[in-house]
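Down below are the structures I want you to see.
Both complexes shown next keep chain A, but they swap its partner, so chain B is in the first and chain C is in the second.
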Partner chain A sequence: MTQPLSGREVAARIGREIPGAVLLADGLGIWVRPGSVAQVARFLKEAPGLEMDYLNNLTAADYLDYIEVVYHLSSMKHNHSLAMKVQCWGPQEPEVPSVYSVWLGADLQERECYDMFGVRFVGHPNLKRLLFWEGFEGHVLRKEFTG
Partner chain B sequence: MAIRTQPVTINIGPQHPSTHGVFRMRVTFDGEVIVGLEPIFGYLHRGKEKLAEARTYTQFIPITDRQDYLASMTNNWAYCLAVERLAGIELPERAEYIRVLVGEMMRISNHLMALGFFLNDCGAWQTPLLYMYREREKLLDLFDMLSGQRLNYNYMRLGGVSQDLPPEFLPALKKFVAEMPGYIDEYEQLLATNEILLARSKGVGILPAELAISASASGPVLRASGVKWDIRRGDPYSVYPRLQFEIPTGQQGDAYDRFWVRMQEMRQSVRILEQALAAVEQMPPGVYRAKVPALVRPPRGEVYSRIESPKGELAYYIVSDGGIAPWRCRIRGPSQINLTALKEMVVGWKLADLVIVFGSIDVVMGEVDR
Partner chain C sequence: MAVNPPASPGPGNPWLELDRTEGLAIEQLRAATGVPLTDPAAWIDEEVERGVLLTSLDALLGWGRRYSTWPAAFGLACCAMEMVATAASRFDISRFGMEFFRPSPRQADLMIVAGTLCWKMAPPLKRIYDQMAEPKWVVAMGQCAISGGPFAEYVSVVPGVNHIIPVDVYVPGCPPRPESLLHGLRMLHHKIQTEGSGLKRGR
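So, the complex of A and B:
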């Protein structure tokens, strides 16, 4: 059984290495400061005992006031999981550092997230729309997009 | 005299027999050798995630059928399981076993298609495919008995399945389960040590284990690289903890290993079917669905729920605001994410190998583009 890690304990560990990166934590996940995502991701992947080597899922959700990017992570070695989240508050366009260099699996998923929500992943080598065509206006999974 | 060469970019697809649907690749060649590849998606995009937000939880089930249309049952299952976990719905035991039955039948049917088309790509034009169609046809007849459909079954419901097994189903499935190992032997005899297949696929398109994990590969693609990871064991759902089966793994992650792993998985699925059949026969018929209101309103919250679909980790991330429709419904399809490492697998190989490597990943464009 995949063991969900307690966000609070992981947050305490990250806090010792990267102070101020984790804004909030509960039993299931951690909320990270947008600018620290890549740094925290690298730490989660490499820290002994955590070793989150597998990015299961990367997506976002629109909560009207902000867009939340969600990373579902797990470890093949320890069989545990954790959700890492980032809230991007408006009015400026959401911007998050890319985790492409940490997990290759972020490649297509970040592109899809950019396509659907307009989240700009800074540092992604090929951040283009994935499913919609070039020149399409708008980001369809935002709540404001009504067709 | 030295010959001056320059890279040439060729467009393959979206309409091409080797692309298994509407998939397009921009491939850069140096002579005949691939030096770069860019996959281009979206030709079959139907906006399922947006559609989910405008439908009740139950109304979305038939739409899930149409993602991976070669494995509709497991799509239903992944979605229903996610909503059931979110809403706290418990299933009757018989429903769990029926789901395992149809899920494993679906795995066999999917792998038959995957292997048949893979051999098509290898140049064994149509003959092995038609052998595999022969067995798949029997499975489709069984699904037809259950749901009246041959491709998009819409069979599962929140809390169970739409109807109980008809009386003629179990004898027919028993017959199939008894016959199938013989057919798998036949395929292995014809194919597994076939010299041409070995020459074309052994050592081709290697995906090392470390890269497979980093690229979020899952299912037979991940296992062929030697990673012993199966969600049915690693993060079990339904009644899988009570069932005995092995997790076949490959050695080096080449196209042949992916072929071989699927072949062995069919054997394991037959094994699971035997056990589930024995269990279902012990149970009184009639209880196949929990009492669930017509409008399910899961409490506020979210769930990330995954199953081992025939192609890999099929997961749903559903956010509920307490209403009758999901606030956000993300579909994590294994077909799309397994393509992440396609470039790494084919660079350095030739055009003819590209077709084989792509075929060995086993993707369905309905799930890639959603």
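So, the complex of A and C:
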């Protein structure tokens, strides 16, 4: 069984390398400042003992006031997992740095997230709609979308 | 690990133009379809006046047509599994001369639309239907193909294939058992037999 890492311990480690990147941490995950996602992702992938080499899942959730992007990470080497979350507060459109350069698997998942929630992943090489067609108005999994 | 870099989203990207063309076609189709097309259902009030010679010719034509209806494979979702089961040995669609699921619309007479039709798939569906040679028939298989089913209110789902193409036989179920599909196909055979030479099929 994959062991979930304590977010507090990981946050303390990140805090020593990238100060101010982690805003909040609990037993299961860490909340990261939107601007430093790519840095933290790179650190989580390469730091000895962590080595989160696999991005299980990248999705988002609309909490009306903010949109939260969720990354589920795990390590094939150490068999442990961690949830990394980013809160994007409005009213401007949510913007998060792309983690495509860290995990190639983020390509389609970021495109789906952009399609459904309108999260702009800055630095993604080909950010366009994945499931809906080009020219479709709105992002369907937003709460404000009424069809 | 060497991976080909994805194409750039910029103006030099040839795929972008394709995406736009596709999106435009979908939007045009969505705007053009509002009400469902009328079902070709004249055969239900049958006993059309026919001459003696035409009657026997029609009977022969109908007999030939109904036992050689080759379906175009158009499996869109889970209903396709039941369609495959219908074609397999337990239910054996070849008892009715339909064992050839054609991958090409040019060789098919019958289109079994099995599964949820999304708007992104609607232009290809219409194109394949248009490419089929007359006479041609359509079976809408499953709730999704009939009315959109549980997804009817969702923006990406077509609320019934009869918004796009005229449907001859509806087979309800979620998904329909192979027996249901066979029953629907038998009804279609009855329809082909009774509607005659096809000269009056004004489509």
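Just a few scattered comments:
Everything that follows uses one rule, which is that the second predicted complex is superposed on the first by the 147 of 147 C-alpha atoms of A that agree within 3 Å, B and C clash if a C-alpha of one lies under 4 Å from a C-alpha of the other, contacts with A are read in each partner's own complex, and residues count from 1 in each chain.
The criterion applied here is as follows: contacts are C-beta pairs under 8 Å (C-beta built on N, C-alpha and C of every residue); 3 or more make two chains touch, one makes a residue touch a chain.
None of the values given here were measured: they were computed from a predicted structure.
By the touch criterion stated above, A:Trp31 is placed in contact with neither chain B nor chain C.
In the superposed pair of complexes, A:Asp107 makes contact with chain B and with chain C alike. Within the superposed three-chain model, A:Val140 lies in touch with chain B and with chain C [touch as defined at top].
Judged by the touch definition given at the top, the superposed model places A:Leu131 against both chain B and chain C. Comparing the two complexes, residues 104, 107, 126, 129, 131-133, 140 of chain A contact chain B in one case and chain C in the other.
In the complex of the two chains, the chain C residues touching chain A come out as 1, 3, 5-9, 16, 19-20, 22-24, 26-27, 119-120, 153-156.
Across the interface of their complex, chain C is touched by residues 104, 107, 125-129, 131-136, 140, 147 of chain A. Per the touch definition, chain A reaches chain B in the complex via residues 1-2, 53-57, 59, 61-62, 70, 72, 76, 79, 83, 103-105, 107-109, 116, 126, 129-133, 140-141.
By the touch criterion stated above, chain B contacts chain A in their complex at residues 38, 41-42, 45, 47, 49-50, 211, 213-217, 227, 229, 234-236, 304, 306, 313, 315, 317, 319, 327-328, 330, 332, 336-337, 339-341, 369-370.
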